[in-house]
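Both of the next two complexes hold chain A, though its partner changes from chain B to chain C.
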Partner chain A sequence: MNLRDAKTIRWWAIIPFLLFAYLCVILYLNLKSDNDPKSVPSPFLGKSIPTFVTTDLLTGAAFDSASLKGEPYILNVWGSWCPECAREHPVLNQYAATPSAIAIIGLDHKEVDPNDGKVWLSRLGNPYRFVPVDPDGRIGIDLGVYGAPESYFVDAEGIVRYKHIGALSLATINQKVAELNREK
Partner chain B sequence: MRNSADKFVRLRFALLFIQLFLCLTFFASSSWAIDPLPFKNREEEVRFQKLAAELRCLQCQNQNLADSDAGLARDLRNLVFEQMQSGKSDSDIKAFLIQRYGDFVIYDPPVNAETAPLWLSPFFAFAVLIGALLYRAKRSKDTGTGSTYPDPKPHKEDW
Partner chain C sequence: MMPELGQVCLLLALLLAGITSIVPMIGSYTENRRMMQVASFGISGQFVFTGFAFVLLTYAFLVQDFSVLNVANNSNSELPIGYRFSAVWGSHEGSLMLWAFVHTIWGLALALFSASLPDKLRARVLSVMSMIGFGFLSFMIFTSNPFDRMVPPNLDGNDLNPLLQDFGLIIHPPMLYMGYVGSAVPFAFAIAALLENRVDQSWVRYCRPWTNIAWAFLTVGIALGSWWAYYELGWGGWWFWDPVENASFLPWLVGAALIHAQAVTEKRGTFRGWTLLLSIAMFSLSLLGTFLVRSGVITSVHSFASDPERGLFILVFLGIVTGGALLLFALRGSRVRVLSSAGLMSRETLLLVNNILLISSCALVMIGTLFPLLAEALNLGKYSVGAPWFGKMFALFSIPLLLLVPLGAFCRWNQDQLGRVLTQLLPAAGLAVFATGFTWLMAREMPIRVVLGLLVAFWVIAGTCAFLWRRWKVASGKRYTLEMLGMASAHLGLGLWLAGVVLVEGLSVERDVRLTPGEQVEVGPYTVKMLGVAHRSGANFEADRGRFEIYRGTELITELNPEKRKYRRGEVMTEADIRPHIFGDVYVALGEPLDDKGEAWGVRAYHKPFIRLIWLGALLMAFGGVLAAAERRLRTPVLTQQEKLSQDSGKNSGQIPGAPSGSDSNSGVPALNATLNSPGNA
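For the complex of A and B:
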């Protein structure tokens, strides 16, 4: 190092340090945010939810999802084979018990034996207004389900406003339902 | 004499190694989905395997449909097979899945507003680099020093 060079400040010499700092900030923010890389945004956001026709697990009656239009609801995809659904279930029960709760529809997804679903609901409680069945998973594919539990927040027009991947918390339900009601 | 025997042993080892390598790579290339799907002919099977390799399994995100053992991947493989049987084209089947699962289901993302930064950033970085090089070349030509690096000649004041 000589004196003549030391006097000239090469501004570009700090670029690698700036890049490094930038990377640190970006990586740190992503680490700290609850941005889950496994959660893939649904292509149905802001669009009509696909309708489906099937039967109800508990009553055996025909179920047509088009009949739900006119009120907001939560479509919750579950299965008795799904441990995370069992973890989520008390939250759904708790929400369904609140007086202002909107309807929760529980799609029983890929149940091997329909009896498993019935036993599961009688054991853990039933927060659902309807329990349409999807034994072969075709309804799930039409909805873009890739793992239970998943929940669609649908407004009165039948438009998907939010999709949640994984277990819901009561805070999330309340917040997203409030947003549904505001948009009405 | 001993030297040539050594050479021979080494050659045999080298050949053995090459044979082993070929065997391993041969098996590696055929990691295909193994469902017993009733393909009509070899051509159909190849088409199916190619398509399944281009689709992502969303349950286990770093695997394609052909590789994955997840339940969803199996269901989607059956669906792809059924749609092939009913005469749908590859792009029809892809469009069907994109409509339900979004662009994430295919490994080759389309160019749109959301993915534009992904596609354009390499060109942007390249342009910046070229710009910087041109700038430096111009400056060194103007000053006539030929380089902006410190003079490589040792100076008296050097440590």
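For the complex of A and C:
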């Protein structure tokens, strides 16, 4: 039927396939490595976390981040407006319930109405030791937050050791906390 | 209940896609007509169920069912109703839903308009289409279900990304996806032809209109994206060489190459393996684009965690589809050996050069886009490839390509003399030089690269006009076929596009100034006078709204009202206001307030000469694609064509079948050859 059928397969015909296979390997390697191309590493990585003073959502008392020095903690950025935070929240509850858990500080980011935040926490549970508020997002700007949820792992000296963008998993928390403790 | 119903619809569609992938394929090998006939039923069923699921998802957005995670993430009780529609495809899950739905539309169209195809070919093509549908439906259902519930439900939604709350974004993704998914049709044909082990012209003839239409949609989709970026991002740029843009540009370039290669294969019988390869490549690049955009490997629009699991799924899917196709090509496609008798100076050669240049540009854009990934994988560190690199390198290949455009249309098939072609094009060259000189005088100050760019643009336009004029003069009876008019329209579009690009890049005036009410700034021939900034409330945002008067000389032309919007969710958006005009836009965007009283503002005022030509050109290209697709000849039954072919190959065995007479004896082609080839013309 064909006009001309060569008897043999020509070797060059395999080149597109090989190129494609190479491309797949590159893409796979990138997929496996967990560095997010968009995340330029936080400028505070390995440096002190900026201090901030605000009030606590639940108690209304003054909150000074400098008072946290001396113990490692996780600073978790959330908001009741953020569905992904709601998805992450059970993980935080679960971690906070473990006996060896370090403190989690929940920065209530860009909350329009503080009541929303209170209702949200009473509904989903409160894993936080303190809930400093950041209604206008100023603290977020100092920290370099570009979305919620976002979490900073801070060691006892107040140095940021790791920044996580997006929802945390229990495995990530345990691993990063172990690293914090090791560095102590 | 409704979301669950949608879920069931998706599963049924998946089941049907599975059945349609297998049964007609087996039928085509066992010559079982019944089994082959399953194909059109299966395809129609997939359309019905996927379409219904799509409607249900839209319904969930319209009634604001925030118990659906997808709705909660991407909508909001204050979202205006028009944007609730576009919010359907504003998210990852929703855009997959759109992908799957559009895919079934193409499948249905193919099933409806393929009655003239041989049963076996038809069954296989529809079966391959279903395999692709199966892959996408399972990707959606297993990794990114648009109907996932949220427990406990949210009281309100997170709101749609304000960038996407815009008219351009309502229609841009559907157009783009029509193009992406449409490239599955030539892909399916190529696979069916390879499976049949009959890599002849018949499938190409049938396939050409489909490729053209898919490419036309892709063109419109890309143009809309560019237009949107221009007015929505507030920087007045129309193309940023952003990975997401590049991802749509890659299949476009290959599609343009494929359209030309298909013409050669269909008319001359050569380029067969190449056409197969390009058909595979166009769809694979569409998939790759989806992978790059959706896996988070390169960029993610949202700061939500990118999901490696999704990326892996698409990668495996891509591996099976493209890897399988390329392997099949290596085993079967490479055995087609058609020796061309075409001489060095012939339309075949020119189209070969066209293809080489288009594919080189595509490879270049691809390397630039993927280089950061490559560097990452080889531990070379973080890299980003910037727009200047893309611009320079792209020009390197596109300028020779554009220079050759008029030659391609004038050159004869098989054998021609360079001298004859150039002589015929001499008036066009003169016209191009004259037009460029005239513009140079009119504009007074123009950088030399703009002059050279314009010369190329006018050369393309004049060359195309010369082609039309020549046909008018020498042909009697039917002067133009739709195919010729389509080509002319696309090439004119290309010329206009280039003129627009060159003028915008070379002559734009961009002023970034501090203005208080009463002050003014000059941009090009216009004066922008600030009146003041007032406050205004929108449905889901608060805005500072500037009032600017635009003067040309002393004559008041219009008032522009750019806005700085703060959306409820916190994002700040710059809404530029533009006075569009074919000779040049005035573009005003509000920057930041510069004093406490809110009187002084940073203002960006631009004059963008002839920027409309860029999109007008793109529309003409798309129109050309559709026009050529309407060509009558391409709709003549393929069966007779095949019969002729088989007779021919019987007669010609042993000879060099560079140009089987079968295709030439049909209508249309001889007219084209006869006039341009007859020596008496010049």
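As a convention for this text, the second predicted complex is superposed on the first by the 152 of 184 C-alpha atoms of A that agree within 3 Å, B and C clash if a C-alpha of one lies under 4 Å from a C-alpha of the other, contacts with A are read in each partner's own complex, and residues count from 1 in each chain.
The working rule: contacts are C-beta pairs under 8 Å (C-beta built on N, C-alpha and C of every residue); 3 or more make two chains touch, one makes a residue touch a chain.
Keep in mind it's a predicted model, so treat the numbers as computed, not measured.
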Chain A: partner with more touched residues, chain B or chain C: C
Contacts of A:Ala61 with chain B and chain C, given as first, second, both or neither: neither
Which of chain B and chain C A:Gly137 touches, first, second, both or neither: both
Partner chain(s) touched by A:Ala171 [first = chain B, second = chain C, both, neither]: neither
First, second, both or neither for A:Leu29, with chain B first and chain C second: second
Which superposed partner A:Gly147 touches (first chain B, second chain C, both, neither): both
Touched partner set for A:Ile14, first chain B, second chain C, both or neither: second
Touching both chain B and chain C, residues of chain A: 1-5, 10, 12, 37-38, 110, 137, 146-147
Chain B - residues contacting chain A, complex: 58-59, 61, 71-72, 75-76, 79, 98-104, 132, 148, 150-151, 155, 157-159
Of all residues in chain A, those that touch chain C in their complex: 1-10, 12-14, 16-17, 20-21, 23-38, 81-84, 86-87, 110, 112, 123-124, 137, 146-147, 150, 165-167
Residue ranges of chain C touching chain A (in the complex, touch as defined): 69, 72-73, 150, 152, 154, 156-158, 197-200, 269, 273, 277, 280-281, 284, 291, 295-300, 302-306, 308, 311-312, 315, 318-319, 322-323, 326-327, 329-331, 333-339, 370, 372-374, 376-377, 568-570, 646, 649, 652, 657, 660
Footprint of chain B on chain A - complex, ascending: 1-5, 10, 12, 37-38, 40-43, 110, 136-137, 141-144, 146-147
